[in-house]
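Submitted below is the structure of interest, expressed as structure tokens.
In this document, chain identifiers A, B, C, D, E, F, G, H, I and J correspond to the written order of the chains, with residue numbering beginning at 1 in each.
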Amino acid sequence: MIRSELTEKILSAKLKKGISWPKLAEKIGRSPVWTTAALMGQMPLSADEAKNAGAALDLTEDEVTMLQIVPTRGSLGTAVPVDPTIYRFYELIQVYGTAWKELIHEEFGDGIMSAIDFAMTMERLPDPKGDRVKIVMHGKFLPYRKY
Amino acid sequence: MIRSELTEKILSAKLKKGISWPKLAEKIGRSPVWTTAALMGQMPLSADEAKNAGAALDLTEDEVTMLQIVPTRGSLGTAVPVDPTIYRFYELIQVYGTAWKELIHEEFGDGIMSAIDFAMTMERLPDPKGDRVKIVMHGKFLPYRKY
Amino acid sequence: MIRSELTEKILSAKLKKGISWPKLAEKIGRSPVWTTAALMGQMPLSADEAKNAGAALDLTEDEVTMLQIVPTRGSLGTAVPVDPTIYRFYELIQVYGTAWKELIHEEFGDGIMSAIDFAMTMERLPDPKGDRVKIVMHGKFLPYRKY
Amino acid sequence: MIRSELTEKILSAKLKKGISWPKLAEKIGRSPVWTTAALMGQMPLSADEAKNAGAALDLTEDEVTMLQIVPTRGSLGTAVPVDPTIYRFYELIQVYGTAWKELIHEEFGDGIMSAIDFAMTMERLPDPKGDRVKIVMHGKFLPYRKY
Amino acid sequence: MIRSELTEKILSAKLKKGISWPKLAEKIGRSPVWTTAALMGQMPLSADEAKNAGAALDLTEDEVTMLQIVPTRGSLGTAVPVDPTIYRFYELIQVYGTAWKELIHEEFGDGIMSAIDFAMTMERLPDPKGDRVKIVMHGKFLPYRKY
Amino acid sequence: MIRSELTEKILSAKLKKGISWPKLAEKIGRSPVWTTAALMGQMPLSADEAKNAGAALDLTEDEVTMLQIVPTRGSLGTAVPVDPTIYRFYELIQVYGTAWKELIHEEFGDGIMSAIDFAMTMERLPDPKGDRVKIVMHGKFLPYRKY
Amino acid sequence: MIRSELTEKILSAKLKKGISWPKLAEKIGRSPVWTTAALMGQMPLSADEAKNAGAALDLTEDEVTMLQIVPTRGSLGTAVPVDPTIYRFYELIQVYGTAWKELIHEEFGDGIMSAIDFAMTMERLPDPKGDRVKIVMHGKFLPYRKY
Amino acid sequence: MIRSELTEKILSAKLKKGISWPKLAEKIGRSPVWTTAALMGQMPLSADEAKNAGAALDLTEDEVTMLQIVPTRGSLGTAVPVDPTIYRFYELIQVYGTAWKELIHEEFGDGIMSAIDFAMTMERLPDPKGDRVKIVMHGKFLPYRKY
Amino acid sequence: MIRSELTEKILSAKLKKGISWPKLAEKIGRSPVWTTAALMGQMPLSADEAKNAGAALDLTEDEVTMLQIVPTRGSLGTAVPVDPTIYRFYELIQVYGTAWKELIHEEFGDGIMSAIDFAMTMERLPDPKGDRVKIVMHGKFLPYRKY
Amino acid sequence: MIRSELTEKILSAKLKKGISWPKLAEKIGRSPVWTTAALMGQMPLSADEAKNAGAALDLTEDEVTMLQIVPTRGSLGTAVPVDPTIYRFYELIQVYGTAWKELIHEEFGDGIMSAIDFAMTMERLPDPKGDRVKIVMHGKFLPYRKY
């Protein structure tokens, strides 16, 4: 069994048991976004977290072990994402990429927003003209080292 | 003159005048992120906004007109961004793309977060372990129409 | 079983039972284009629609469940479609893409035609010089939000 | 001068004169979609049409001649379009491509919808929930020749 | 079984039975080029043609049915063909592509040679300096519709 | 001046002088297809041929010299041609490529049709249902050398 | 069984039997380079050669037959080879490609070195500073046909 | 002036002066292949060699200096070469790549043929059936270091 | 069994036995970096090394043999690595590539740092502001041969 | 003037003045690797550093200003580097990428070596069998944040 097959199995088990991502996150003791990314094969779980995930989803011991390995990350499949829901985020980079760079450099100096020391939440923002998806992310600013 | 040359000129003028993006945003009457994206050639300005931008940056009348045309969007240059500051955002999609899809569908049903009816802010989040870049974005949820 | 295998099975079952797409659409209660796209793995069915599709095509319960999951969309396989019937639509974008952009912006202002809040029909247009394929599509205009 | 420079000049002239695409179409005696595509460098004009376009846009004689040459078509610049307004049409092919193929083959047999013997209109469809972009296209069905 | 597996089986059966493409074409009642393309998975056969092909190659009933489905066309596997025999045809397009375009437009006006309403033969041209492959192709000229 | 600029100039001169490709071919003493390809920058002319071409098109001495250099061939610009008139030839390879390979190998054995020791004609084939483009090509069969 | 699986089997059998490529070449009656390329799936063997190869490597009758089919050539897997041993040859083309073209054209005129009517040897060149790989290749010069 | 412009100039000067590559090589004191590659912008010349090249081709002092800079190598322009004369070498890698790897490893062990400590000649091999291009290359075998 | 499956098995066995890479390196008698690369399928082991690896990881005799074959190298899967840990090394080339080239040429003259006659270590560099990954690599300088 | 033109000018000035990278680094007060990368357009200089660089290389005031702007990084030009000196580093990632990932995760846990908080040196390692290029790099380990 390879990791992507385990992801398939997790999605099936989750569907049959009718358990939501936030609920799974609660059982594991992490936030919903992190938990979802982890179970989709992008983050490793600790031994305890994996055991809890395994209990919630009826996974075998081998599968619980597999959840603890640092995964080979990357979930798009192609350089440019094809699924419309995911593509919109790529489009944001196409439209806002240079603006983000300008603003980060002006405010913080030369460097990047870390995608490693990073956290985010996603929530529903009620709006009479149609509810909105609200995403809050924050990553540590890492200045380029001069030497 | 083509749009990318105008962008070059705007960056030079901004540098020489020592005016910041938030300051420019204030003169134009829009938020800093939107203003930066617009002047980087990704959003059209209204006649008034363009006039104000032109006054702040000593642009010619032709250039002020050019700012009002709906641009051909896309600022990366390559399918995968090469600049490290911009790449980190692409990496987020590689790592979190499938998780975002799962969470949006579970919370909202089938559909997408709009990248058109969309707004965002970027700010500094003070942190004793190193300040953080905080980004808040919200886009209207658009459900797939069934017919 | 993964979704593309289910698509294969649906095409076989449809062929053996000699049931047309419009007929299937009728049983499901949706339009022919939407129904075809959905059964080709691009749209999720509701529980009722899936049950009806399953009855018409002798699907198992698991397969009926699978039809209800929001799919990972994208049916081309390659960036540029290779099949001639599908390629002609890509060619239309190559030839008309910039014209569509100009006309949408002139008529509606800055924004896009939604591909989410979108519907279409396809029909035969009798013509003595050779019948024609007629496609009518309409998508909500989404103006770019200024902020 | 190469064709893309002429396109730039046409867009500038049109902007300065404040003349719309439908108005230009009327002067040329063709439909708005075809006229826009032609002036964007995708269709050749006849001598008369070119003369009328030249008069409306103050083009030189050489430019009027250039409008009559069969162009090297293709307006995207990249295999996958980057501009959001144009990308949505590409997304439609990703989502609906295989469905269109199925429906055309079921209704007409083996063959394609011509992108050459083809015509289209684009119009505003008023809608209380937000106006819609309506596109009607029809292309001759071309059956594969058996030999 | 998928179509490419059927192609494999057809090639094996043909080899074992020692039957040539022209012979198969005769049994099916079509020309050799068309027949070869069809059995390689690029053209659908009629019910009668498929039955004859099945008889000549000992195919099962399901396989005979499969031969009648309109296939998803495209036989290269990559954008640029790698096999030298096939690559030479690609090279012809690289070298002659713009010349063909010029000559077709000068002789016929704006339009294309159809690859759908199209037929071809391939034969041996005896030559004392080494026999030659002779290919004759003709496709209907399709003029661009003006509207 | 680089070769592609000379091609531009040749096309302009040809247009202004109203001289056709076959007429140019006659002046040069070569067939129309070869002449067109050569003047489009894909074949070198001999000193005499170049002088005749220069006389017919009012080229400078330097330009006449440039016509005699073996060019860096390749006229598509992209791996997959975007112009519809040229794309149809690419489509033929996608659909017929494997069939051509089968037929050449069955008739001639292992080897290729040369694209170097190669010649072709293109002509109009009158047809009451619409005239057809007829292309006849023949290239020397080159058997793979065994050693 | 497909051809690449047969290649795997040949490599295993060769390893287990401890038989070298030159030894295999001797049994088949061809040169080592040609033999290696053939058994790696790039050249077809004659009936006799295949029988001898089969005897040396314990192949089944079906496998012996498969060795006689003209293969679909191309052994890199990607456009640019990734394995360092193979990449160095690609690098030679990057560095020397234009020089080879210049020298061939100056010495022979317009044309190519055939990769079909071609043969080569590879041998060890003893050298006190470290032995060298020596490759001698010769291909027929094919002049471009003028017509 | 950038290096590729200097290459253009060298080719023009060489053409006008009617001096061959071997002749230039003699003046510089290097072999013809190396000299051609160097003047095509792939190898740096020593001060003396550059002076001699400059004298032979009427180069300016700045140009003579430029010839001495280690160039950014790579002469293809695209990943897969498009020019037929150069493509044939790429085809050889496609067909023989894995065979070369096998033979090098069997004869020398794990390692590569160096493309740096490398030399080659190209000459005409007279042959009654048509002269042949003969290429002899030898590169130092570099064993992988184990550590 | 193919090499990548053996890599999977090695990773599983290593995990279950709780044996570290440096420990495995010690049993094999090579450095940790080389050993890890070798067991990940990038370097061949000698017979003795393979036997020791097999004993440590409970491999079968066939698997021990497979470890001794020179592998087809290349571990990224895509041209640009997607996994963030590996991507950072690619980013270093994007940012420092031209600087490395300048410095190597200035210090050593024209040539390269060998990636074949090459060795490296990776270790933890304690640092109160956060430990650092320290990599030391050295490769033989190979001067371009002039001939 | 754009940044890459400034890089050209810096390289010319450096050549004419015969000043080495380490010497320039000394004048600027940074290490040679960092200085080279900065002047090649990959790192911004402080006002003082830029003034010193300008003095050493006779740059204008505008150019001194340009050196202080955070650049758009990325120096390869293509996804896979073509120049052999730079390619060898890419090859190291192809061969060692997965090993580095394994070793970093085993020693440090889940995370990356930063390419931002990063420093390196490059020096000559004398060796009787041929001097070696020695590179020492160290980047801060950044653990993935769990949240």
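Going forward, a residue touches a chain if its C-beta (ideal position, glycine included) is under 8 Å from a C-beta of that chain, and two chains touch if they have at least 3 such contacts.
Values in this document were obtained by computation on a predicted structure and should not be read as measured data.
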Problem - Third chains touching both subunit J and subunit D - result: A, B
Handout entry: Interface with more contacting C-beta pairs, comparing B-D to D-E
Key = D-E
Problem - Duplicate of the I-J contact set - from A-I, C-E or C-D, the pair where over half of the pairs recur - result: C-D
Exercise for the section: Could you grab the centroid distance between subunit B and subunit C? Build each centroid from C-alpha atoms only and quote it in angstrom. Expected result: 32
Problem - Inter-centroid spacing, subunit F versus subunit B (mean Cα positions, whole Å) - result: 47
Problem - Touching two or more other chains - residue numbers and ranges from subunit E - result: 33, 72-74, 76, 79-80, 82-85, 91, 94-95, 101, 105, 111-112, 114-116, 118, 142
Handout entry: In contact (per the touch rule at the top): chain pairs
Key = A-B, A-C, A-D, A-I, A-J, B-C, B-D, B-I, B-J, C-D, C-E, C-F, D-E, D-F, E-F, E-G, E-H, F-G, F-H, G-H, G-I, G-J, H-I, H-J, I-J
Problem - Touch list for subunit G against partner subunit J, complex - result: 80, 82, 84, 87, 91, 94-95
Practice task
Write out the stretch or stretches of subunit I touching subunit G in their complex.
Solution key: 2, 65, 69, 72-74, 76, 79, 115-116
Completion exercise
Listed in rising order, subunit H residues that touch subunit F in their complex are 8, 11, 15, 78, 80, 82-85
Problem - Residues of subunit C that touch subunit B when the two form their complex - result: 30-31, 33-34, 43-44, 70, 72, 101, 105, 110-112, 114, 116-119, 142-147
Fill in the blank from the handout: Residue positions on subunit F within touch of subunit E in the complex are 20-21, 32-33, 36-37, 40, 42, 73-76, 79-81, 83-86, 88-108, 111-115, 118, 120, 122, 124-125, 127, 129-142
